[in-house]
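One chain, subunit A, links the two complexes that follow: it is found with subunit B in the first and with subunit C in the second.
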Partner chain A sequence: MTHEVAPDRLHLTLFISGASPASTRAVRRLRDLCDRNYPDGYDLEIVDVYQQPALVTSRGVVAVPTLIKDLPLPIRLLVGDFADESAVLTALGLPEPTAA
Partner chain B sequence: MTSPDVAGRGGPARVMLPKSLTGIDGFDEITEGGLPTGRPTLVCGPAGSGKSLFALQFLVNGATRYGEPGVFLTFEEARDDLVANTSSLGLDLAGLERDGKLLIDGVTLQPETIVETGDFNLEALMVRVAWAVEKIGAKRVAIDNVESLFVTFANRPAMIRSELQRLFRWLKANGLTAVITGERGVDTLTRHGMEEYLADCVVLLDQRVVQEVTTRRLRVLKYRGSIHGTNEYPFLIGLDGMEVLPITSLTMDQQVSDERLSSGMPGLDEMLGGLGVFRASSILISGTSGTGKTTLAANFANAACERGERVLFFSFEESPAEILRNMASVGLDLARWVAAGLLHFHCERPTTLGVEARLVTMQRLIHQIAPMLVIIEPVSSLSSDTQGPDASAMIVRQIHYLKSAGITTVLTSLTGSGSGEPSAQHISSLVDTWVLVRTLEGSGERNRGLYVLKSRGMAHSNQIREFILSDNGVRLVPVYIGPAGVLTGSARAAEETIERDIIAGLDEKAAQLAAALEGRREAVEAHVAAIRTDFETEESLTRRLVETTEERRVALQSERTAEGHKRTAASTVNSPSRERPGDPREGASR
Partner chain C sequence: MTADEADRDQVTAALEYRLAVAEESLRALLAGGVDAIVMNAERGEQRVYTLETEDRPYRRLVERMSEGAALVAADGLIVYANERLASLLGVPLERLLGGPFSDWLDEPERAPFIAQLAAGTSGHAEHTARRLDGTGVPVLVGLNTTEGSPGSLRCLIVIDLSQQKAQQQQVRRLNAKLTDQLAELHRINSDLEDAERLLTYRTLHDPLTGLPNRALFVNRLEQSLAAAARTGHPVAVSFIDLDAFKRVNDTLGHAAGDLLLQEVAGRLSAVVRPNDTVARFAGDEFLVLTVGATSGLPVALADRLLGALHEPPLRAGAETVTASMGLAVSYEGVAPEQLLREADAAMYHAKQAGGARWELFGSRLRAELRNRRTAEQRLRKALAGDGVRVLYQPIVDLADGRAVGAEALVRLQRSHGGLLSPAMFIATAEECGLILPLGQRVLECACEQPLRWEHKSGHPWYVSVNVSPRQLAEADLVAEVTAALAAATLPGDQLRLEITESALLNVDPRVMNILNELRAMGIRIGVDDFGTGYASMAYVRHLPLDFVKIDQSFVSGMYDDVHNLAMVEATLALSHRLGLESVAEGIETEAQWHQLRDLGCDKGQGFLFARPTTSELVCVGSPTQ
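Take a look at the complex of A and B:
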């Protein structure tokens, strides 16, 4: 995911803890949600906190799962396993699912 | 609840709990060695009570003095802000970080930017701590202030609690000595009950405002497996960071000295068994205002400086300049001792600091200057701004501290105009020598009377002396005790004049008598001389008569002899008279 980032293109970083069932579930839910709502594509970087602890620190992450929406601005921090889909969409700046 | 299984260091055979020094002055003494090694300690208190500073000093001292690198996880401020804010306390956090002795992880959580979308845990936080600890090989960890997590994730307190428990277990399992700070709750030690999980050691910080002066206190509430001081101890956040009032051992094992020190006033020394006070003793000078307490204290200072000893003079009422000027007016040149570096003044208005702050400052100065004599002027000001037992306990500690350090202490105390000594009562039992200056009223004036109420270990005078301040210094004169009682001032002067007159009269009389006697003697001698002259005349006359008589007798005798010759010219001439020519009768009988 190192190609040029367009300012309007959705760029996400997801912090999870290893291959725990909760992490796997969160990744699946997020992918599913983004696939449905971003047909034009999106960038998703997945970080295992145990693999890149320095990045966890530098990004100020305390919880897993944590999703950081870097682009488009403003930066948003989402914590949780994406069970509340409407909250995720609002945070990502998308209209409510009813409008989709 | 702590889980002993993960600690792996428990065991009934252990005699001494290992401890880690905090390097916070005074705290290590209260806890007899610092915080429990390898265990988390909860430090709680209200906002602004010094929790963060405690945590930070614990780490910085660990890194700089005890070779134990530390991780500072702060939820309070960003790393850069922290570095900037603490530089004013003389802490070089950035430098320590460069040297790999410290790692600051600023966790800035902004609840408004965070959206919760479902279940989560704080594993990432655990990862951060673990990573930081591993990175610098930390032995110490401080987490400040853990309760902000409850604010950020307000609807999941149960999850946060269990996650924190996990974190504390992890710290313990890894043998990390940790300080966790928590905000004081209304009825609980911490707002979110952290004390339930951090039961090894709990330190309580407090900040109270009493009569508009802030006073800070520290108390070790709990220390599992260790004895600790249970009192509230005052502490100060000063230029050097946090200082808990160094605790003097209140055991009575201080060295005693037999050395006697002059008070600088011969009259007072005389009253104190002729030799003055004991070194390292405490002397209380109490009296109503204007009785010369400061002057007495200044004389002690002057005497010590003359011995070449350093003196620390705490004045809570006058500035150094005022004291120097006022003392110069009674013939005490203290300025030369200031110039010589022997006399140090510390003046402060009593209202600017709380009593603890003042005592801590005093002790720091005492450490710095290492005086042989400390003057506290007046000690009553230390208790005037806070109420009763609190402050007096503090003063008691201070006196003990000075005593055990071998420092002679002169305290002055202002008393009310009544005859009782209420403000000095609480310390009077503690001091060794109590000098009381009183005004003696009579004949329309007030004069100063001084007496030694008590002085341990010496035969002291029971007399009241009049205490006279003059341009040439202090004089203590025995008061005049006449039929009308104790006389001072002009009454004494008048009485003394009368006495002087009588003596003068007597002197005159004696002179007259002596003159009279002399005259009589001269007369007698003249008389004797006259008699002698008469006698001498008589004597010479008599002698003349005797001589004449003899001549006549000799003449007569020679005549008679001549006649005898004429009569016996025809017979044999037998003349024994030649042999005894002087005996005419013998010659005649033949």
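Take a look at the complex of A and C:
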């Protein structure tokens, strides 16, 4: 997927491994989180490491699920199933919803 | 910043990134939030090691299967979908993940689907999926809760039904067509059955009267005889024949004859009981099968059936038509054909006795029938083997007593020696039709003789052969005569044919043609037994004739009975007037010979000259006075 993106719009890439438990949890939690925190919209690219191995190599992914925040800069990386929402928000460089 | 510094910063940043990645991965790994790790192998390849390896084969299966598959949470969000589902809905795979599946269903179908998800029940239902481009796709959606899945995931299978729907429609169309064709087939079949029923009816019924025909009658007779054998109650067969029906047909036409037959059918049907059968056997012959006949019945039955035909009298034009009837009652072991023969014989007897009456087949008729059968068998045997003998009685010129021809006379060889005279078998041969092969055999033998006699005696001979009425009516006489002459290389003028007076009483155009054709071949035609029939004088002059044979009964009585003499004189006078040659039969004395000669009779035969003898002896000892 190559399309123009606005530099201040949230763009995320999530690496998952099919329907394995941590991956499915990650997808659900991330969707949920973003829907709540970014009501104006966001881009979430989901990459299955089995289906798109080339992307995995180029982004240096080691473990799955891995979330990479591409925009806005700086690039941030988070691995796991996003059980801790505040940790996710911190990693993404966003304020906690309660503080917002 | 120098280029070196810039490079170093970039390498550092990359390393820091890798480190951050590794640290973050390790942290997540320890926290249990990772389910696969990616390792760089040699030559730049990378492998994914799934930590929970047990579902890996299934995943492959799911990814490659031709049905859409997805895992959804209880709230309906898709957490996993395979490529097939994405292509089915016309969206990129990532657009599916994380969104509710119900968004891809037609609006009215969403709520029930969500309710089913929430209830956690399994099942499947047809839906219309709404593709990204807005087009609808018929789908079958199967929902299963997967046991042990975290967050109670549901397994969703989505099958594209558009092809099946199209096929179903095709099947429905074909089905409708097939139904139409089946109906058509059914109609044709029913038509065929009707035709078959009609055909069966026609095969078993007489079209003119609607009565059962011979075949159906015999069939019912067989059944009745079988029943009679069980119950002991005999059945009766009545054989009814109209008297002089041929005359009605000939004088009033076939339409009048047909009307008469229908009238007879109606009258007979009206007086029989429901279980009895009235049938039209052939022509003007009818049959009645009466079941449960008792000893007193035949008289009552015969009176009832004949009474129905005689009161009121049957009429055809101005004519009153009567019927003759023969009755036969069944007995143990009698075959249907036998019973029919007996009824027929009884009817024949009634007819011989003058008609308009009935006769019961009894012991006297049985003996007669048996004799006739014996004669018939003897005749067949003779014809099949070497039992037919032909004798020849010389015919002389009465002027000088010289033999100029001979009459062929048939005999049957008896098994224990001796010959059987025609009186014993000709009537039977006429009745059963064996007269046809018999007549042909005699004709062939006779034609062989004249040239032999001519060779012996040095002067021409002719042979005179009797032709029966049936030969004239049924055989191809011209062809048979032609063949016999050719086989013997005999000229036509050395063959004479004698036809009885009775056969010439009603000569139709066909017979007239035959006679003319024969005469054209040089063959001479004569009347046999002249004067024994009736109306003898009138018809002779209309026929193509050459000679007249005066019956021996007149010749032998000439001396004693003035009537016989008058008959002979009149015959000779008529012959002369018409230019016919006269041949007297049964000359036994010199006085008869001289008297006939003086009366102008041309030729004669009789014991005075020669008895019938074998061909070899014909020329020997013939008087040459």
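In this section, the second predicted complex is superposed on the first by the 97 of 100 C-alpha atoms of A that agree within 3 Å, B and C clash if a C-alpha of one lies under 4 Å from a C-alpha of the other, contacts with A are read in each partner's own complex, and residues count from 1 in each chain.
Here is the rule we go by: a contact is a pair of C-beta atoms (placed from the backbone, for glycine too) under 8 Å apart; a residue touches a chain by one contact, two chains touch by 3 or more.
Just so it is clear, the structure is predicted and the values come from calculations on it, not from any experiment.
Contact with both subunit B and subunit C is seen for A:79 once the two complexes are overlaid on the shared chain.
Of the two partner chains placed around the shared chain by superposition, subunit B and subunit C are both touched by A:66.
Looking at the shared chain after the overlay, A:56 reaches both subunit B and subunit C. Looking at the shared chain after the overlay, A:93 reaches neither subunit B nor subunit C.
Residues common to the contacts of subunit A with subunit B and with subunit C across the two structures: 17, 22, 26, 49-50, 53, 56-57, 60-66, 75, 77-83. Within the complex, the subunit A residues that touch subunit B are 15, 17, 22, 26, 49-50, 53-54, 56-57, 60-67, 74-85, 87-88, 90-91. Note for the complex: subunit A touches subunit C at residues 1, 17-28, 30-31, 44-51, 53, 56-57, 60-66, 75, 77-83.
Considering their complex, residues 17-18, 20-22, 24-25, 27-29, 31-38, 40, 44, 46, 48, 50, 52, 55, 59, 62-63, 71, 73, 77, 79-80, 83, 92-94, 97-99, 149-151, 153 of subunit C touch subunit A. The touching residues of subunit B, when paired with subunit A in their complex, are 105, 107-109, 113-125, 127-128, 130-132, 149, 153.
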